[in-house]
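Once you scroll down, you'll see the structures, which are given as structure tokens.
Consider the two complexes below, in which subunit A is the common component and subunit B and subunit C are the respective partners.
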Partner chain A sequence: MNAAIQQLNNAFSLIAPEAVLLAAVCLIFFAAPFLVNERGEAPVGLRHRWGCLSLLALLLASCVWWQSPPVTRTLGPFVLDELTWYIRGLTLTFGAILVLLHWNQADDARSAESHACLLAILAGVNLIAASNDLVGLFVALELVSIPTYLFLLLPRRDAPAQEATLKYFLLSIFSSAIVLFGMSYLYGATGTTNLSGIHAAFSAASDHRANPLVAVATVMLIAGLGFRLTAVPFHFYAPDVFQGAPTSAAAMLSFVPKIAGFVALLRLMVPATGAEQAMNPWTMTPAAIPLLWWLAVATMFVGNLMALMQTDIRRLLAYSSVSHAGYMMVGLIVGMAHEHQKADVLATVSPNSVSGIGAMLFYLAVYGAMTLGTFAVLIAAARTDKRIESFDDLSGLSRTRPAMALLLAIFLFSLAGLPPTAGFLGKLNLFFAAWSQGTVEGQESYKWLAVILAINAALGAWYYLKIIGVMFLREPINRSQQDTVIETPSLIAAGLCLVGTLGLFFLPGWLWVPIQSIMP
Partner chain B sequence: MTNWLNENILWLIPAAPLLACLWIVLVGQVIGRKYAHRPLVLGLAVSLAASLYLLTVVVPHGFGHDEHESSHSVMTTVYQWIKIGTIDVPVTLRADAMSALMLTMVTSVSLLVAIFASSYMKGDPGYPRFFAAMSLFVFSMCMLVLAGNFLLLFVFWEAVGLCSYLLIGFWFHKPSAAAAAKKAFVVNRIGDFGLILGIFLIWQTFGTLDFAALFESPKLIDGILAGQPDILHWICILLFIGAVGKSAQFPLQVWLPDAMEGPTPVSALIHAATMVTAGVYLVARCTPFFVHAPYVQMTVAGIGAATALIAAITALTQYDLKRVLAYSTVSQLGYMFMSLGAAGGGEGLALHAVTFAMFHMFTHAFFKAVLFLSAGSVMHAMGDVIDMRRFSGLRKALPITHWTFLAGALALAGVPLLSGFWSKDEILAVLAAASREGEHAGFYGIILAIALLTSLMTAFYTFRAYFMTFWGEEKFPEEAGHHPHDAPPAMAVPLAILAVAALGIGLMTGPTHLYGHYLHHTPGLPHADEFPIDWLMMGISSILAAVGIGTAYQLYVVSPKIVENLQRRLSLAYQASQNGLYIDWFGYKFIAAPLRGLAAICEFVDRWVIDALVDCVGFIPGLFGSIIRPIQNGMVQNYAAVMMLGLVVCLISVLRVLVETH
Partner chain C sequence: MDWSKENELLVIPLLLGCFAVWWLMPSAKKRPRIVGVLAGLAACIMIQGMLLPQAGDYIRSVLFFVFAAAAVISAGLMITDRNPVYSALWFALVTLSVCGLFLLNAAPFLSAATIIVYAGAIIVTFLFVIMLAQQAGTATSYDQQPIQPLMATVVGFILLGVLLFTLQEWGAIDGTSTNEHAEPRQFIAVPAEIQPNPLSQAPHDNPHEIGSLRVLGRSLFGDYLFAVEIAGTVLLIATIGAIAIAPRRAQGTL
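And now, the complex of A and B:
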């Protein structure tokens, strides 16, 4: 009995930050109904308190996170390695920014629940990073999905939001089912749900032919998680949902599910124990790499080409987020290929070439800063009566609100990948990772991946610069100073994102050093 | 404290003017516009102090000749931008004896010029802008000298070019100033192109751009030479093209005289301490390369000689006081390159050739600065008139300026015991040594003859300018008002200090070998024996100086009639000299005009061929999008169906691959 408690304690200590977040969620859910009267009215300004409480919870979780450094891997249901640690840092930081973005998006009566949902989503992402078991992984994925439905609907319960939520809900459960299907096959092939156990089973396999069960599982997992990444052809919900949902929810959707998807894929496909055994046809890699290759190419092209045609700023950002998912998939593929060949040809690869997974994780952080920054400006630059929807709402922004225009221009420059912004560095890393992998004999296809990435970066620049052109070159369309509101929390969030976007260009080492410790 | 200083001294030197620049730009524009010079003067004082301290850090054991072992370079990585994979871009500062001497010269002259400018520029509407640009200029120059690798050197090489553009075009509303700034920038770019190619070639050949790795290990160079014997020739010639642009050597010297359009302190700065010295520094810095490329060294000497001669001939007949000085700068830079080129004359000469070139640069900085600032003081008093035909006999009206100008002129003419004498004499001596022995003795003989001829002309034109300005009957232009004022204290003090330096610094550091022995501590410079004093050259150059000054006195003070006669008789030659041997005209006619034609053709192709192609390509995304669009119709069942379809396609393709591999 004591041993069981001991074990439970150990497991709990591995997920302490998530426990803090979930405790806060419970507290908010419990307390919130008492502060709203029968008619559904709440005291004015209540949302500020809930925002502060959320920030406090995140701060507390951050303290716990900081106090719990990575520990050696065990066979238990949870792991706390460098990847977990890094992802936690990422979600907690960007979680704070999301709380700031969401501050005034929900009215006082519903603010509590939506904040609680946001915290639950963040906890779910962290749990994905910490899970070492298929069951835990799936539960964590659902901990992200289910609060997301509420988060999309709660702030504004009008028809577009309802439609967006419904679409997301239906497609999301569809994709969850596919993931579950894949997981069951994986369990069938290896006989265990423990991820370390699965990788151990792979390496122990003596059969030198690929396993069809594993291949099917791989396809299913990629397809199911591809929904979270907004990988083509699982991206269709994104433009509609981004358009219909509240801005803060769109911001959350553009970033948080991507962390979830990429981390889940990393956990599933790349053995964290170092990959001496990875050169085994039994693993998921042989099936996953060509599939991901094509999906990445399709994602990049479709995202960028569709974005070119958009006139609605949210739809454009949705497609932009699709294309960025494609860029990050490049990093993932290169990293997997790199791990896969560890055993034999690694000696021939330049030892200090850029690691694909590292480049992807770096880009993830950079992408968070620049895309959340863009949404923050969209929230902050909105008018009292109308949020920013089309290009016309942005035209002449440089005259009416020059600081906003400049901020947005910087974020868009970063999204386009122009120096001196972190977006440039992120794309550069991904490009170099793919290119140096392409120099290995027999892996020339990665060189093509690098070239396609570069072409797509150029395509992307087109529409980002178009927005900048609209802001700076067009005349304002009946905008006046009077009907602007001061959105302090969003402005603070935009400022933080600006620091990230520029800071990671000038001092990339801050992020790069922890990333380098993640993958062997 | 000492440890802290030793470690941080390097970044302190450029940081002080950079902070001054930031302060002026951010704060000085609004608050205390009248005192915008103060941050710069303060910053440069800090830099100068730091540079002087650096002299002792780089060579800790005094200035003795015996301690070659202790010589070393100091390095600091100020900022590591990115170190990811093979990409490693550190901002490394590196100082050795050569850079320390250079920095001392740059910061001291700049400081004096800044003090001078604080009074000279008074009342200008762009007062803070001027000092901001000047701070940036000095910062860039310091960084150029401190650069620890070729990449950083190139960045600040360009930054110096940019700052010179800003300063030459300071009065941009004047069309001539704007044109001169543009010309300086464009001509510099030609040289820069050579430099960047050279840097690429170094990267290609050596795989590193780090000075420490390249210059302090002879083994590396020997290894490369064994495989590619000619590669260093190419590298050196490309680097030299860069130097030609920046140091205004033939045929790219055309920008420097026009650079007079900027405010006079800028001219002093560009001509004396910063910018033009960068080319000399680059070639001197790359001595370990150049010693392996004797033909390039001969080219250097030849270009230097041609430049010196052409510029001296042009200077003979100019009426614009500042232009005389500008051409003399070009000519003196030619001297420095002759000296650098003399390294090709023999094994043992390389060290001395470099030393004497750097020494001439050092003394030249002081006497050219005092000459320019005195010319500025004349201009200030004469209401911005600088044509020597419109004023004369200023000796009594402007006593301080007169004396300081005279000090500079004597030094430039090479009067014995003054600064210019020592350095110029050494250059002549090393050229004489090169012409005595070795396989290229004949070539260096011609160079020596040109050098001597130029030396005569230098003395003549300098004193022609002096006599025309300060002697003869007292005459003021009407712009000057009734009573011209001599330099106010803020201008007089820097003038006086520079004049004293112009007179004495050569004697102090030349014959005592203070400069030479210090410079020998530079890592990478070849070793050599003591250089004997060449009494013959000393004698000849003294006589030439005396003859030049005497002739000028005779022609412009005693009997000015002769000049008019000469002008009439030799009108063709006179015209040629007046117009700078028509090099500018030639450049416009035969280089710029064909290029313009080419540009017109390119424009045509760009507009009607490339643009059309791009428009076609731009059509593709639209087409593609319109194919995909129907799927994106907002129907959730549709989306689910396509997702399912995608899943099935993925599944089939993966399983098919699986089947095929079995």
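And now, the complex of A and C:
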């Protein structure tokens, strides 16, 4: 009893960075109404102050994050292991970039609430990574999705934004219900909501026949979380929402829900201690792997083939984010299959081979840098009267704004997976992880997965190169120098993403070393 | 062939029920409702043998059938009713019947909470929204007729079928199910030495206390303290967001 209370008292120190972020959210919510008058007008330039405050909160949270290293896992409500630590670093870094992207997207009067929502979303992702309980995991997932609805609608109130928000809202609620259904079956099969307890129960039952309840839970959880990953067939909202939502919200949607979904899947399906889970029919892995295999193949093909047909740059990026979710799912599947192997089978694989989950986590960071960079250039290259929508808006960009065109070209090269960018390294890691798992006897299907990944990388290169062709080979249409705006925050964000995209190619060990400590 | 013979108890009522719901769906041309009603009743009667609770307690069986029949019939009416207001009210009845089943299974708190949350809050909100959306009073077609009645019915019954089939496979339904290889340990408990969520367990000196308010409070504000706090934060954001989204008086309505 006393030990339990002690554990609860200690739990707060495990989520200190999130507490900082949520305190900042409360502060902004409380202070904002006093600075806006009754007609809804705010002093000019107020948004800069809210942006600075958000950055300050993220900086403070980062300091706390840096000073709270991973600790041993307990049965308490939160865990702070290497995975939590890594994901926290990822969200805080890319959170700062998202704040910069969002800087001028909302008007002065609504900037406060939308920045607060962004901080709440980031805190929610961190809490998903830290949660050790089904209830806490679900509440953290809601802490991501409910502020997202506001974040989509607050900056702009026109009809497309309303339609996008409503579509996202309805489908997101539906997916939350499915996740909850799956969690209830998981609770029914094991009798506890504690994730460590659930995995302990699984390993205690390893000599029993597989339980259909766990299989139902697995299918439901993958279906519900697949919505956040934009896995096919749960992707169909993505193009409409990306097209209608403000650019910064589209950037957020292309990246943050993917971290949330992948981390939630990792927490639910991959136990912290791998050894006793090997060949256990009671875990979620036997049901999850075939399902995820087909979902990943469908996601890669549908994302890339649909992207080939798009003429709207946002819809194209939406389908591109779908296909990248497919690439990352390959890493997840390979990692889960690896965890499920017996040790003597694993000994036949060369010890230097890349771990699937590590490759996925590496690709997640790389994908964040390159996709947020693309959106940053789209914001920075917009004109005063019109944001960038179709390919025509980009045509001849190399003549009118050569630096922008070069930046965008680098990010697109990285998305296509061409050297010398980090996207190349990320795809190579995923390919090698899948291929080396495929060399294990009886696991040849992973070789096919690697081949399909390679085919899709080639398909993807086609449409990214098409955009580059439009920028560099076509004549500019009605573009003059006068109506461009200087978007300093987005330019800074694009610069940071550029550092990430190129830097991770030349110094990948900088990210790879912390990742390797996550999966032994 | 073997498979279909083994599972005909499950498959035939499902097909009948699917047909009944599809037949009763509101549609442009009038169908005689009696056909659907008969098919639905036949489906319910055929499947009730599978769902029978453990034999023995007479009162318990009667109560189970009353609540279960009320839940299934109200659910069917909720889906097939042409008027959305009536659908919301049927949904309230479904919730109340299911709460009765919860009470039968010795879950009084769950039952009370479900009544408060669903019947008290959610359905009232539904009614508000429906009435606000239909202010003009004109009978528009978009909420009078389903867009994809066949697809929706078939997919819904496939889901139901898969769930029922899984539960039958699991073998916990009852002795009359076709599962020959029921194992005694279909549940697996967490190993005793681990003790997750210790504050939610009944105290050692009084194991009967598990359903009491004291244990509930200790669980909610002990093991789940942080979940409750985060849920409070989510509600705060939702409330402030609703205020921020609503247009100001000076800006006119949406």
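One rule holds for everything that comes next: the second predicted complex is superposed on the first by the 505 of 520 C-alpha atoms of A that agree within 3 Å, B and C clash if a C-alpha of one lies under 4 Å from a C-alpha of the other, contacts with A are read in each partner's own complex, and residues count from 1 in each chain.
Criterion: contacts are C-beta pairs under 8 Å (C-beta built on N, C-alpha and C of every residue); 3 or more make two chains touch, one makes a residue touch a chain.
In this text, all values refer to a predicted model and were calculated from it rather than measured experimentally.
> Putting subunit B and subunit C onto subunit A via the overlay, clash or fit?
On the superposed model, which is not a single observed complex, subunit B and subunit C fit side by side.
> Once both structures sit on top of one another, what is the angle subunit B-subunit A-subunit C taken between CA centres, to the nearest 10 degrees?
Angle at the centre of subunit A: 150 degrees.
> Which partner does A:354 contact after superposing on A: first (subunit B), second (subunit C), both, neither?
Only subunit B is touched by A:354; subunit C is not.
> Touch check for A:239: first (subunit B), second (subunit C), both, or neither?
So A:239 only meets subunit B here.
> Between subunit B and subunit C, whom does A:31 touch in the aligned arrangement: first, second, both, or neither?
So A:31 meets neither subunit B nor subunit C here.
> Please indicate which partner A:216 is in contact with in the superposed arrangement: first for subunit B, second for subunit C, both, or neither.
both
> Applying the touch criterion given at the start, work out whether A:56 contacts subunit B, subunit C, both or neither, answering first, second, both or neither.
A:56 contacts neither subunit B nor subunit C.
> Between subunit B and subunit C, whom does A:308 touch in the aligned arrangement: first, second, both, or neither?
Touch partner of A:308: subunit B, not subunit C.
> In the overlaid three-chain picture, which partner chain does A:204 touch, first (subunit B) or second (subunit C), both, or neither?
After superposition on chain A, A:204 lies in contact with subunit C alone.
> After the two structures are laid over each other on chain A, how near do the C-alpha atoms of subunit B and subunit C get, in Å?
Superposed on chain A, the two chains' closest C-alpha atoms are separated by 6 Å.
> So subunit A touches subunit B in one structure and subunit C in the other; where do those two contact lists coincide?
Of subunit A, residues 209, 212, 215-216 contact subunit B in one complex and subunit C in the other.
> List the residues on subunit B that touch subunit A in their complex, please.
80-87, 621-622, 624-626, 628-629, 631-632, 634, 636, 638-640, 642-643, 645-647, 650-651, 653-655, 657-658, 661-662
> Spell out the residues on subunit A that touch subunit C in their complex, using ranges where they run on.
Touching subunit C: residues 1, 3-5, 8, 11-12, 15, 22, 25-26, 29, 38-40, 75, 77-78, 110, 113, 116-117, 120, 127, 133, 135-136, 139-140, 142-143, 146-147, 149-150, 153-154, 189-194, 196-198, 200-202, 204-205, 208-209, 211-213, 215-216, 282 of subunit A.
> Hey, which residues of subunit C end up touching subunit A in the complex?
162-163, 166-167, 169-170, 183, 185-191, 194-199, 222-227, 230-231, 233-234, 236-238, 240-241, 244-245, 248, 250-251
> Of all residues in subunit A, which touch subunit B in the complex?
Counting only subunit A, the residues touching subunit B are 166-167, 170-171, 174-175, 178, 209-210, 212, 215-216, 218-220, 222-223, 227, 232-234, 236-237, 239-240, 287, 290-291, 294-295, 301-302, 304-306, 308-309, 350, 352-355, 425, 428-429, 432-433, 436, 459, 506, 508-509, 512.
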